[in-house]
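Next, two complexes with subunit A in common: one pairs it with subunit B, the other with subunit C.
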Partner chain A sequence: MSQSYNRGLVEDFSRWKEFSAGMWAWIFHKFTGWMLIGYLFTHIAVLSTATSGEMVEVNAADLPNVEGTGMTEVPLYDATLGGLESLLIIRILEVGLLAVAVFHILNGIRLLMVDLGIGLEAQDKSFYASLILTGIITVASVPTFLAGVGF
Partner chain B sequence: MAERYSSFAPGGTRWLLQRITAVFLIVVLAMHFFLLHFVNHAAEVTLADTEARMQNIGYFLTMVLFLWAGAFHGINGVYNALVNQGLSGTQKKVVLAVLIVAGVALVGQGTYVALVMSGMI
Partner chain C sequence: MSTQQPEPESQEAPTDPEFQGAESSVDEAERSGGDIDQTAADPTDLEGETVLIKVFRYDPEVEAKQEPRFDDFHVPFTKGMTALDAVIYARDQYDSSLTFRHSCRQAVCGSDAFFINGKQRLACKTQIAELEQPIRIEPLPHQEVVKDLVVDMDHFYDQMHAVEPYFQNEETPAIEDLEEQRQSRENREKIKMSTRCIWCGACMSSCNIAAGDNEYLGPAAINKAYRFAMDDREPEEIKEHRLRIVEQEHGVWRCQTQFSCTEVCPKDIPLTEHIQELKREAVKKNLKFW
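Showing the complex of A and B:
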């Protein structure tokens, strides 16, 4: 008969010095999970407000996804996405989102392996590998994410 | 025997669904990021491109399933995280009800947007 394991409350901040690799993995997985579901709600909300079919007048020079120059009429969707993508802060947040998603995916693979009982003795090493790989993929993606906003 | 480190009821349907959606999401989330940031750059996306992609029935179904799987996985994950923090009794029931309403709204609205993008409605 299995039983649940009492980890204590994360809110007892003074405990962090005692945390092992597995505990950090659990906290990071939970934190990145909250970020991802929060983003999913935001993502659907933004797409919902942008797909009304309305046309809006914009200055083509302001939007990275609109060709040409001068005032032109584009779908609200193009104006919304182009407007967001022209902001540096959005590009930085996208890099952050990628980091969060990559860690959640890699640690998720690690958790599935743990569930299957594969490589249990290396679960701490696979957490460190998830972190390092997340860091490498995130850094490598920066030029792609920041293209066209002054970099 | 190793102790169980999961807050899910062992052998439960939600436990299994959380893992099945996880396997699906690993593949599709990676694909979604790759397709809309590295193949097509997010800054160049237009309504015409999105509509063209969504008119492919395979892509449309994958995206709708991605939404449903993501919504279930995320909301079930939040519920379990809260239960793990010690939520119980009436609070637990209220939180579950709120999360179900939010999840149904998310899936409903998201599916509607997908149908609009595909030109089906």
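Showing the complex of A and C:
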């Protein structure tokens, strides 16, 4: 053979429309796994910098976790957490986190079943079931997560 | 029979509907390296229902085809027509340089796995009626293209041979057992599906992991290993030897259970299931708590 042609990556991610269930499950599982790791480290960073016990002055009206109105002194932990929880974007991200975690757990169980050789012929259906369940749980969680910020 | 054949009518005037596609004379233009009419046959010239196939073209030896492109062919539709029938028609009627492998036309030889409408399929087992038009026919992804739909299968065959795809025994059986090595019905059932592989390479081509790791044995080779490892007629030591091959770094553990191979296998072999079972066998062999 004198020469041949390598089409490189054209066949891979540019063909996402042709992916089958198992491939989507794999991509989503990777994505959600790494999102959870990302969240875990952010979470550790936030908490570990908020536990000094130092008192800070805040406007009670701004924080959902502080009673009353006007300026008052609260521990840094309350101020940090309250400050974050008062932001709509954080509440929305929390819904996202729940969705990511629920999908990862459900699909994780699916993958464990696949590893045990159980129900491999229904692997596409169990993926769709994971997606649907994730959707239902996520939607059902919205009132709880968004309580107090416009809802 | 006389050797003096009358000139085919179509050479004079393209009135014969069968030959109207040939007017673009792709071969002629190609040889001169000039511009090529990339569309063969005007569908309005053909009687009855036609299908449009878009076929991947590439030929490093022809200047005008060094840059890969798609050629359109309008092929008359007949009931029961397969994708292989369509490319055969295009080759025989429009462009004799269109190159692809095929032989048995009945899903036995495994030579005509193409990438049809975004999926690895055996062309001879793919009904045109079930495909969305226009039908895109490409060579198998993740293998180098030699010409048009012909890909280099060497690597695939190397991986198949790496798992020693033949029956083995430690010693020659006793003379009275030589005639026939019987297998139990149950054991035959167990390996039944795995024996069906026709070495078409569709699974390997569909596998994202195989694409990224050239040393990965790939679904077909692992399935072949399964076929022998699970065969009771081979002694235990040989099975262990086989497991040592598949449990290597680029063996079963590369599989990420994406199910792409199982999805495309034209012989419906549960490839992922077999890979997973070998993973469990490998774990059982190495982890001994009991």
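General observations
Criterion: the second predicted complex is superposed on the first by the 139 of 151 C-alpha atoms of A that agree within 3 Å, B and C clash if a C-alpha of one lies under 4 Å from a C-alpha of the other, contacts with A are read in each partner's own complex, and residues count from 1 in each chain.
Methods note: a contact is a pair of C-beta atoms (placed from the backbone, for glycine too) under 8 Å apart; a residue touches a chain by one contact, two chains touch by 3 or more.
The structure displayed is predicted, hence computed values, not measured ones.
In the superposition on chain A, A:96 contacts neither subunit B nor subunit C. More residues of subunit A are in touch with B than with the other of subunit B and subunit C. Of the two partner chains, subunit C is the only one touched by A:18; subunit B is not.
Touch criterion not met for A:83: it reaches neither subunit B nor subunit C.
Once the two complexes are overlaid on the shared chain, A:115 sits against subunit B and subunit C alike. Once both structures are placed on chain A, subunit A residues 2-5, 7, 10, 22, 26, 111, 114-115, 120 are touched by subunit B and, in the other complex, by subunit C.
Subunit A meets subunit B in the complex at residues 2-5, 7, 9-10, 22, 26, 30, 33-34, 36-37, 40-41, 44, 47-48, 51, 53, 64-65, 74-75, 77-78, 81-82, 85-86, 94, 98, 101, 105, 108-109, 111-112, 114-115, 120, 141, 144-145, 147-148.
On the side of subunit C, the complex with subunit A involves touching residues 58, 60-61, 68, 115, 118-119, 141-142, 144-146, 152, 208, 211, 256-260, 262-263, 270, 272-273, 276-277, 279-280.
Against subunit A, the residues of subunit B that register as touching in their complex are 2-7, 10, 19, 22-23, 25-26, 29-30, 33, 37-38, 41-47, 50, 67, 70-71, 74-75, 77-78, 81, 84-86, 102, 106, 109-110, 112-113, 116-117.
Within the complex formed with subunit C, the residues of subunit A that make contact are 1-7, 10-12, 15, 17-18, 20-23, 25-26, 111, 114-117, 120-121, 123-124.
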